[in-house]
């Protein structure tokens, strides 16, 4: 089952969808399909229901945090230099907003093939972190999407029961995000080194040795 | 005071307590229990009269008491059943409230 | 009344109560002398699998339980009649026994009715 | 009045009075069982062994349980917020008091005419059984009918009208 | 029981001494654990009660599910912050005398998971622990060893006097703060009455020198 | 088609909660409860003894496995996988090793593959016996089946200990092979255990399978339909108990499973009894696989010589590797950014996904059935909450 | 000493002791002398049984069981007792304190009362009541109340569920329990336990005349024992304390010695019903063979009791627990009809001439419907049966 | 027939009950403090440091390379490297740990430190009777507590230890050969290497 053909089939059947193949350079060769959130449900339903695809089993659903980073790019800009328009290479630094990603691994129990990997991306990490829930298509995503909501903070629209699943209800952070800062519950460390040492030092400096 | 008299007095006391309960309690269940108590008072009378009566060997009092107990048990079953049925409609076992609901 | 056949029963009852109360008294004395009671808000709260108990346990139960109690009561009463009959049975004729059979069958009829109405279904 | 009588009568009356006047219905039932047990003991004292045990079996073992079930099923287990007695409790109390007065007066008046304790009768359960199967055979059958009717009736009333499901 | 203890007991009078011996003997031989497992160690705890190791030999197979009837809480596994209030509450609800065996690395210190944001770094932050048994998970024999250690501890306890155990002291607490769920962490993050982090001067040396030599 | 209609379509309709009669008794079963297998919790509402609401509550054993793994090296995460599903550490190792091997394109030597199959199937044996023991324990059989199950489990654990050094946390596999080769005499010992195993299964079946009480307690209880099972992503014996033929050992043919002849038992009714029986039958199949593997195990190295465990840095990319663990599909999803630590490390836990249908199976059942259904799901909290 | 003297030794002692009492208090003293052994022996038996049960279960489960406390672990119950006695008594704040306190007392007292009519040996009974069997059942019904009190007063959800289950279960099995014993009363013509045992204490050749050796007696015995198991809350009918669902059932909130009292009460109840089964069906204190009559009668009673207890332990070690609805179904749809039928069979037996025809007719009368009923129970709504499985590939 | 399965089950438990009196298979209990299971050779619990010879400080194999500290997944090892060098058992100057702590209350017995140690200096111990009341005092093991002799290692893991010894001997032989070569190459200065203590002798045991 070639991802290219699947992509073109989806494009033929789901009008208006924007798909993109995200290549995977590792030896596993598991490339994935980036879908847009507007047509995600339709695409997913097509993948599940199309008679020769029948991806009826959604195995793994997970979130990934891609924090914003400084991207340095060499850009060629036209500049008027010495009165002459020239192309000059300049290093331009931009702060990307970063995004959160939800990944779905699909298999077919009926046809016994797979996986097809779907990805959805939020637009940034703070405000527009909504994604459509695929739980209406695959029930197996129910708890896993809740977990992503809990740990990453992606809000899945259309999820039947979106609550925190692993942390308690009053918890406010999303601990699996890469910029999560743990609460300072200093533990006497008989063997402090590396990161633990840093933490202990920080605690001691903040609390004045307590 | 003879023994019989004391039993009769006890039974009349029981009867009155039962009656008072049946008349004054708000809870329908306890009203029913009050009635049961009155029946029990009667049973005590049966037994006492049988025991002190002229012919204890005839067993009439005992038999009466047994039948009476059985009837009372049946009555309790039906009575409590009725209370349950009423409760299902009016959601209360409070007689005052039942009355006020009736209008 | 000292020769009453119930005297041993009464003595047994009293002794049994004494038997049960005495260790409790002993335990109370022990607690008084050595190991003090230490009640506390969380210790003396209702146990519910480690969580704080929410809501009252004294709620209204299903009437379904009551139906069993009715059937039980009726058969309990039946036993009351059955026992004297059983005692007298050796002296009875077959015809007289039929009377009890009829009595039993009447109750069995009630039971069968209850089966058919599916009253005796525990949910 | 003998001492044993008083020993038995006191808890009986206490139990039954408590049953009528306690606030918590479950406590009422428990007090009631004490009263019933006391009554049973009184029966025993009156040489009615079978009736006494029957009293325990039926009243303590069955009726009290039935009442407890009824309480559990009508959510009146906890202590109630409303007053215990109905609005017409004064009337009821007066009536009960009057009844007791009349009865006591009547008993007291007629007391003298009664004999003292006759010799102890020989009541084996066997005699009860014989009586039941001979003299009282008709009441027995009627009893059977009554019990069956009570069973069916009580079940019908207590059973919720099941909507014909499925 | 060693000689010193015997002498000391002698001072308390023979009655108290025998009573104390009886008391300790009874408690020691009838330790009913709370039916309570948290994680991996719970499986080894179960294995300990099974045929091969048979904790029942010590009279301890009566795993009571209700804390009221249990004497011993075997904290077998990782205590997460989400679970900690429940553990403390269960401990509180146990009737005195009560003992705690902290089984395995996670229960002692958070173990391999101590870096986690949801893992409590040792149950002794909230409740007093009688025996620690390291291991990940400790073998069933190790748990039995911990059990015997606890029995020895109980044996040495005095009925009266200053050295008496906590549950016999009218002033010692019998229940401890149940932590609440906060927005970022448990509140309080530890119970200062039970446990304070020992202070180390790490800011200077960089590493702790509890060394050797 | 709107999302909401689809959503309601495949969620089972919930029974109304007002009940009409009787008040609901809101009980919290767990986190400390004799039969929630650890610190699982269910918020249950009971109408009499019938369950009208059941909400599973997770997270009481959320140990941040994934977060920790993102700070560990690839090798350092291996012992942590032991503690996921702590009944079957070896299959966890296997799944993780498989994922890393996919990520980095590592070949596994022949002998190591055989060792993996042998230890993996032994793990399946001990998991299934324990699970059935626990199920019976939940059913109230005063410990006897559990004791017998653990009696056998101990034999397998002895094998594990003499092979890997630890009873439970084996930490046995490495990407590129296995950590330790069989010590002398191990294979014979293992063969003895495996040969004796069917006798134990027979004993177990005599004790239980025909037992009327067990049948009455389990047949028709907790029925899981084929459609729902597939939809909810159920895997493992639970799925096959519902009659869906999906065994990753057959589908993916990972490792060397295609060399062995074994069958996949399938249930028909999808109830607790089917799940129980499927596990029993699966054990018999595992014994067959073991016998074949032990017969054929070749000599040779057990580690891929090219793989460097320390300082292992796979190329940037991602991989998802999955195996048929005793509980179902256990998958690891790894993203590498070229550093020594995985950028994203994700466990696809069969236990968590299998619990999706708990509510559907339990609603309307008796409260006593909940624990039986729960026991038949076979979940381990370490894996559910990670 | 002749065997007769050994058999009567307790009675001789009692009379000897009685002779020292002043005449006025002799009845009271006599009653005390017969009560004290009951209060001494049966709690002791309870202690022994707990050890035996734990050790027996251990053996069933391939292990030793308690074996360290005292010789062979036999001091285990003493340690448990000392522990319970010194354990703190926790009563929940919201519980109904008075009822919470009274429940275990009532339970144990009621359990003890039942021993009043059990003849543990020849002429060894506390009170030979005319309506002894009825007394036994009447007192037994008090237990239900005690259990309810315990469960309700704790105000715990699990305990309340347990209490409701316990009452439902006990009332459902009380009817079969009483009706199963009716057959014996029909044959013996008396409600007095002493008379019933005396009737069985004769022999044909070496074989005793126990009621269990008749079709109705055997069926009655089996039914009685099943009902007794349920009354005593023993596995597989231990739903009121069904650990796996409702944690510890109705005594969940009890600690310290009150909890121990519940255990005591339960075991005493088990002994009492077993003792009643022995009295009714197994010849009470009568020796199993005529040539063994020289063995003291009380020995036989306790020997039979221990055999029955061993049976309880064995069953507990084997069977899983039933579900509540199955339990109730079993009571009302199998036990009750069977006991009623058994009464009918016993009547038929009485009116038929002795001989093999009578055996055949009665056996058929009782066994055929039992099979039918069992089948009906098995089928029920859904078919319960062994299954075959298909395999893929 | 109803009850058939139950009877079968009862028979099974009865067989086990009776069997427990005759067969070890049906009475599997090992009465732990007195009886013990045979020590399994590969068993592991917590790490220890191997030293050669008699003196643990002198013979410590650890050269404080810090690899195990870095690789330890739960980060329970803490090492401080010495500033100076000390002669090791083979008389070679090496760095040594001034502090070597293992917090066994954190250790997960994963054996990775053993695997990554290039000097065979850290091995897994089998001792498990470590229960204690003192969390910090008894469960934080320092260098002294951790040091165990090579003899002990041979005792608990004979096969493994033999392999290690052989490998070490081979390495040493190579080294010796090399140094000999170097020494010879250095020509006639003729300072013979002092005889190696202990190790070689004990290896023959």
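By letter and in written order, the chains are A, B, C, D, E, F, G and H; residue numbering begins at 1 in each of them.
We adopt the following convention: contacts are C-beta pairs under 8 Å (C-beta built on N, C-alpha and C of every residue); 3 or more make two chains touch, one makes a residue touch a chain.
Treat the numbers as computed from the prediction; the structure is a model and nothing was measured.
**Q** Which chains contact both chain E and chain G?
**A** Touching chain E and chain G alike, sorted by label: C, F, H.
**Q** Please identify the chain with the largest separation between its CA centroid and the CA centroid of chain H.
**A** Relative to chain H, the chain with the farthest C-alpha centre is B.
**Q** B-C versus F-H: which interface comes out with more C-beta contact pairs?
**A** More C-beta contacts join the chains of F-H.
**Q** How many angstrom between the C-alpha centroids of chain F and chain B?
**A** Chain centres of chain B and chain F, defined by C-alpha means, are spaced 63 Å apart.
**Q** Round to the nearest whole Å and give the separation of the Cα centres of chain D and chain H.
**A** 80
**Q** Distance between chain A and chain E based on Cα centroids, please, to the nearest Å.
**A** 43
**Q** Nearest whole angstrom, what separates the Cα centre of chain G from the Cα centre of chain H?
**A** The separation of the two C-alpha centroids amounts to 59 Å.
**Q** Hunt down the residues of chain B that sit against at least two other chains at once, touch-wise.
**A** In chain B, the residues touching two or more other chains are 66, 69-70, 73-74, 76-77, 80-81, 84, 88.
**Q** Note the residues in chain G that touch 2 or more other chains, in rising order.
**A** Each of 60-64, 84-90, 129-131, 134-135, 137, 152, 157-158, 160, 164, 171, 174, 189-191, 243, 247, 252-253, 256, 317-319, 324-325, 378 in chain G touches at least two other chains.
**Q** Spell out, as numbers or ranges, the residues of chain H touching 2 or more other chains.
**A** 2-3, 6, 9, 12-13, 16, 28-29, 31, 73, 75, 78, 101, 103, 106, 108-109, 136, 140 - these are the residues of chain H that touch more than one other chain.
**Q** Can you name the residues of chain C that touch chain F in the complex?
**A** Interface residues on the chain C side: 48-51, 54-55, 57, 59-65, 122-123.
**Q** Show me the residue ranges of chain B that touch chain D in the complex, using the header's touch definition.
**A** Chain B residues touching chain D: 1-10, 12-27, 29-30, 32-34, 36-37, 40, 43-44, 47-48, 50-52, 54, 56-57, 59, 61-63, 65-67, 69-78, 80-85, 87-88, 93-96.
**Q** For chain G, which residues count as touching chain D in their complex?
**A** That would be residues 96, 99, 129-131, 134-135, 137-142, 144-145, 148-149, 152, 164, 167, 171, 174, 189-191 of chain G.
**Q** So in the complex, which bits of chain D are touching chain G?
**A** 24, 26-27, 30, 33, 49-50, 53-54, 56-57, 60-62, 64-65, 68-69, 72, 77, 123-126
**Q** Give every residue of chain C touching chain G within the complex, in rising order.
**A** The contact residues of chain C facing chain G are 2-3, 5-13, 15-17, 19-21, 23-24, 26-28, 30-31, 34-35, 37-39, 41, 43-49, 53, 56-58, 61, 65, 68-69, 71-72, 75-76, 79, 82-83, 86-91, 94, 97, 101, 104, 108, 111, 115, 120-123.
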